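Multiple structures are listed underneath, in structure tokens.
Shared between the two complexes below is chain A, which has chain B as its partner in the first and chain C in the second.
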Partner chain A sequence: MNIFLQQLITGLSIGSVYALLAVGYALIYSIFDFTNFAFGALMMIGTYAAFYSISLVNFPLLGAIIIAMLITAVASILVEILAYRPMREKKASKLYLMITAMGVNIFIQNLAIQTIGGSVKAFPSDWAKQVVNFGIVKMPRSDILAAIISLAMLAILWFFLYKSRLGLGIRASAYDTRTAGLMGLNVNIISLTVFAISGFTAGLSGVFFGMKYAVYPAMGGISNKAFIAAVIGGLGSLPGAVIGGIALGLIETMVSAYVSTTFRDLFSYATLVLILLFLPNGLLGKNIQDKL
Partner chain B sequence: MKKMKRIISLLLVFILMLSLVACGGEKKDPIKIGFEGWSSGADAYMGQVAIAVLQDYIDNVNANGGWLGRQVELVPYDISKDFSESINATNRLINQDKVTAIIGPDGSPFAIPLGDIVENAQIPLLPYGSNAAVTLNDDGSVKPYVFRACPVDSDSATVLASYVYKEMGVRRVATLIETTNAYCVGMGEAFVKAFTSLGGEIVATESYPVEEIEFRAQLTKLAESKPEYIFMPAAAYKEVGNAAKQLKELGFSDNIKILGTDGWYIPELMGIAGPELEGAHLIIGADMSDPEFADIITDYNKKHGDLDMELHIYALYALNALQFIEHAILEAGSTEGPAIRDALENIKDLEVSTGGKWTLDPKTHNPKGSEFSIVKVTDSQFKTITKYTD
Partner chain C sequence: MSDKRILEVKNLEVYYGGIHALHDINMHINQGEIVTIIGANGAGKSTLLNTIAGDKEKKHGNILFEEIDVPEKSYKAVERGICLVPEGRRIFVNLTVKENLRIGAFLEKKSSTINRLYDEVFELFPRLKERTNQIGGTLSGGEQQMLAVGRALMARPKLLMLDEPSLGLAPIVIDEMFEKIVQINRELGTTILLVEQNAFIALDIANRGYILNVGKVTIEDNASDLMENPIVQEAYMGIK
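Right after this comes the complex of A and B.
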């Protein structure tokens, strides 16, 4: 039983990182109908921002987290302004936007390897490494912090989307971007806000990932898993992304624990295929066709 | 008309002169040596450090007149982590760059498919960090143009098994192995075979796929069967760093320590998970903290400190390969593939950068004569306890 509980906690902690990243995917998808595959690279930028603000400037951990979120938000907005917006204005197909996103992802990752080097570094926080013993289960502080801040972030995001004017605008755009624009909404402001928010989530999950594992330029690879989570939950749906992320984390851990690690990805992807077979829009996705 | 003729004849003279220049250049064409390594992605340190070390050595050779009176040129290719890239790079090195010999690749799955390509082209290939199938075909016959520039991995796993059983009194070991890498699988098999034949017990076996970061499910399971050590012959050090950290997070690290091989003998690992790996043992072909390496490390740090990557044993294996090639070209007095191949096969007692004198076995193309060191992680540092041969 203890072992099962420990595995459950492990699964939840992996799932929470997936969930946060999946929310970032879902947010962009809900407004722009395309998947921002540059997300892994943005997440990596966040991790390095926190890494350097602790190791070079001696920031406290919370300060470093905030810096990471801000810098990632700026990077996210830059990607939007430099890469996506010009393409949207030229009415490029959504498919090409996604391919550009993949290109941006590989570009940023390799730029990082060439400028800061490909080596793996430990996240410079001894505080986060400490393990808290709850009797039956043990959890490192980094996981507890990740769970608390992720939940807080999701709550703030919910309030923002459902209780503020700008949030209303975002939801209107998510429903139908063109009509929202015709109704007088400034779609450019909305797109910047959305990219900033998804930058916040990418930066935040990047810091947690760095704390939990290590800091290296190719760490963004995990965002593929988050994308799967977002698809399982229903692309474009925020609650769906959270459910998908946590479900994927649990499935992976339980399969590793009680079946075999070699079957882990087999189960994850089989789940994806099965869900899409019976629920083509994922668990909570919108029922709209012709989305890429 | 006369003027025209004069111009044409002048032009012809000019062209003739140009072609003479070209002829002169052709005689002094450099000897090209290809290199294939992971130079981008998470494990870019593997290739980038090796390239730096090889280039330094070649600069030195060129400053001293080159080989056979010709300059030497390194042609490096990045094969990242895609298996097909090593095939592309090999074809390009052979057909476009016309290299004389190839160093690398640095991983078994990348090197295994290359035997036929280099045999057809008659270009020697010297991979390092690799398992038995790199130089041998399935039927046990040797691949004529492939020579290993590092100890065969199963040797070190066998020696480690005997060390932990006989010298440390360990009887219960669990294994955690990457199933997508031939190096890890080969190491695992050799260790299990040697350890059980001595009388030891493998109490549990778990695996993980390439680029894994999350080991807690496996570690929790392994810990249930109460091993004294977990044998983890990982090919990249971040996997071991994560596993060690997670073992500690789960609270097992006081009773269960990690055993490993040279695949994660990388000083940077101590910065990632030094305290978590305290008490881990591993076996390596050469010990980088040995005073015999002090000079080369100082020299490397002076020239390449800006790379922010420490000199590691795999870069020195690449250098061993270059030293093999140098020796063979000078012995053969030729840059023809078959002549170099024959000279490589007959290498005896050649001093190599990793220390010791190596002899290539013509039946397996593996080097003999390497000493193994047992290293223990103490105070977040790799410390050699002893040199050990079975």
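Right after this comes the complex of A and C.
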């Protein structure tokens, strides 16, 4: 029973970080109909931004998190302006956009290896590594922080999307970008907002993954998990992304506890395959054919 | 109505997916007029409206609105005062009625102005007021068309373009819709460009009309004369 409770709490923590990252995927997919596979590299930029703000400039952890979010948002906007927007203006098909995203991902990852080296580093925060004892469950501070900040960020995001004018514009564009343009919405402003938001979520989750695992240039591969989460929820659906993220977090920690940690990723990807086979629109997704 | 030209299309050529969709189109609309474009399926009517709305690139020619070229970006055309109610209504079915209307006035930030615009639309379409918080997708076809027109009016257009507003509606609802279009023209002073397959009803409310045939303007005349024109009667009204 204690193990179950421990794994439940840990699963919710990792799940909320997956949820955050999955929302970033879903937001871009909902408007531009392609999966931003550069997300992993952006996440890695966020992790390194936090890493160096602490190890070089001695920033406090919270300050490092904010720096990570801002720098990743800028990187995300740059990728949009330099890579995706020119493709869209040439009316390139969604498949080319996805391939561009993969190219950007490889480019940023290799740039990081060439400039800062490929070695694996530990996240430089001793505070975050300390374990808090709640009696029956024990949790490292990093997991608690990840859960609280991720859920708070999701709440802020919900508030922005459902209560603000720009949020309304994003929801309208998500349904029908062309008609939104006909009603006077500047798609470029919408796209900058969306890429900034997804940059914030990538940077934030990057810091949490860095704290939980380690800091290295190829760490963006973890974002595949968020992609799985987004597919479980139904690509393009934001509530679906949150549900998918938390579900995947729980599946992983339960498999780790009751089956084996070596089977964890096997179960994650098996879930992806099963969802695509039997529930191709995910739990809450739009009715769509291709899931690129 | 005046003789001042609010819109002038000169030598317009448009390609649509490699097909030469519009050939050397010349037309104009005077301030305060209702003008209709009549043509069969695939004649290029929607392409013409979309091009005027800045949503389609032109290959050649000019579209002048109040004597200045219309930019080839739809959101900029809205800023200039051109608003299109697209074919098939295309309301945002995931948003409420009120949110749909708010999108129409997206560029407006003053809440007092927005509330005045809501009232204006609700006065014209009282049915929408009853459904303020209902999700757009749950409305009937006629109500969705009202919402699409109301949404466009929120942008306070000088030129309102309607692409087949009668599509898929019951005859009684069509009559009601066209009465509203006349009311918008008379009471709000909005110039109207109307595209229709239903030539009878369009010529009934229009001042002038253009017949579009396979991408070319073949006839241009007053609406009442077009109604009497045997070629128009045979091709577009089923009268022999």
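In the analysis below, the second predicted complex is superposed on the first by the 272 of 292 C-alpha atoms of A that agree within 3 Å, B and C clash if a C-alpha of one lies under 4 Å from a C-alpha of the other, contacts with A are read in each partner's own complex, and residues count from 1 in each chain.
Here is the rule we go by: a residue touches a chain if its C-beta (ideal position, glycine included) is under 8 Å from a C-beta of that chain, and two chains touch if they have at least 3 such contacts.
Please read these numbers as outputs of a predicted model, since none were measured by experiment.
Contact-wise, after the overlay, does A:10 reach chain B, chain C, both or neither (first, second, both, neither)?
The answer is first: A:10 touches chain B but not chain C.
Let me test your reading of the model: by the given contact rule, A:60 touches which partner, first (chain B), second (chain C), both or neither?
After superposition on chain A, A:60 lies in contact with neither partner.
Touching A:86, do we find chain B (first), chain C (second), both, or neither?
After superposing on A, A:86 lies clear of both chain B and chain C.
Comparing chain C with chain B, which touches more residues belonging to chain A?
B
Could you tell me if A:187 is touching chain B, chain C, both of them or neither one (first, second, both, neither)?
So A:187 only meets chain C here.
Classify the contacts of A:178 with the two partner chains as first (chain B alone), second (chain C alone), both, or neither.
second
Would you sort A:218 into first (chain B), second (chain C), both or neither based on which partner it touches?
first
Identify the partner contact of A:280: answer first if only chain B is touched, second if only chain C is, both if each is, neither if none is.
A:280: touches no partner chain.
Mind pulling up the chain C residues that touch chain A in the complex?
The contact residues of chain C facing chain A are 53, 55, 73-75, 78-79, 83-84, 86, 90, 92-95, 99, 102-104, 106-107, 109, 151-152, 155.
Show which residues of chain A lie in contact with chain C when the two form their complex.
165, 168-169, 171-172, 174-176, 178-187
Spell out the residues on chain B that touch chain A in their complex, using ranges where they run on.
Residues 40-45, 48, 179, 206-209, 211-214, 216-218, 220-221, 224, 237-238, 241-242, 245, 248-251, 268, 271-273, 307-309 of chain B touch chain A in their complex.
Which of the residues in chain A come into contact with chain B in the complex?
3, 6-7, 10, 14, 110, 113, 116-122, 129, 131, 133, 138-140, 213-214, 216-219, 221-222, 252-254, 256-257, 260-262, 264-265
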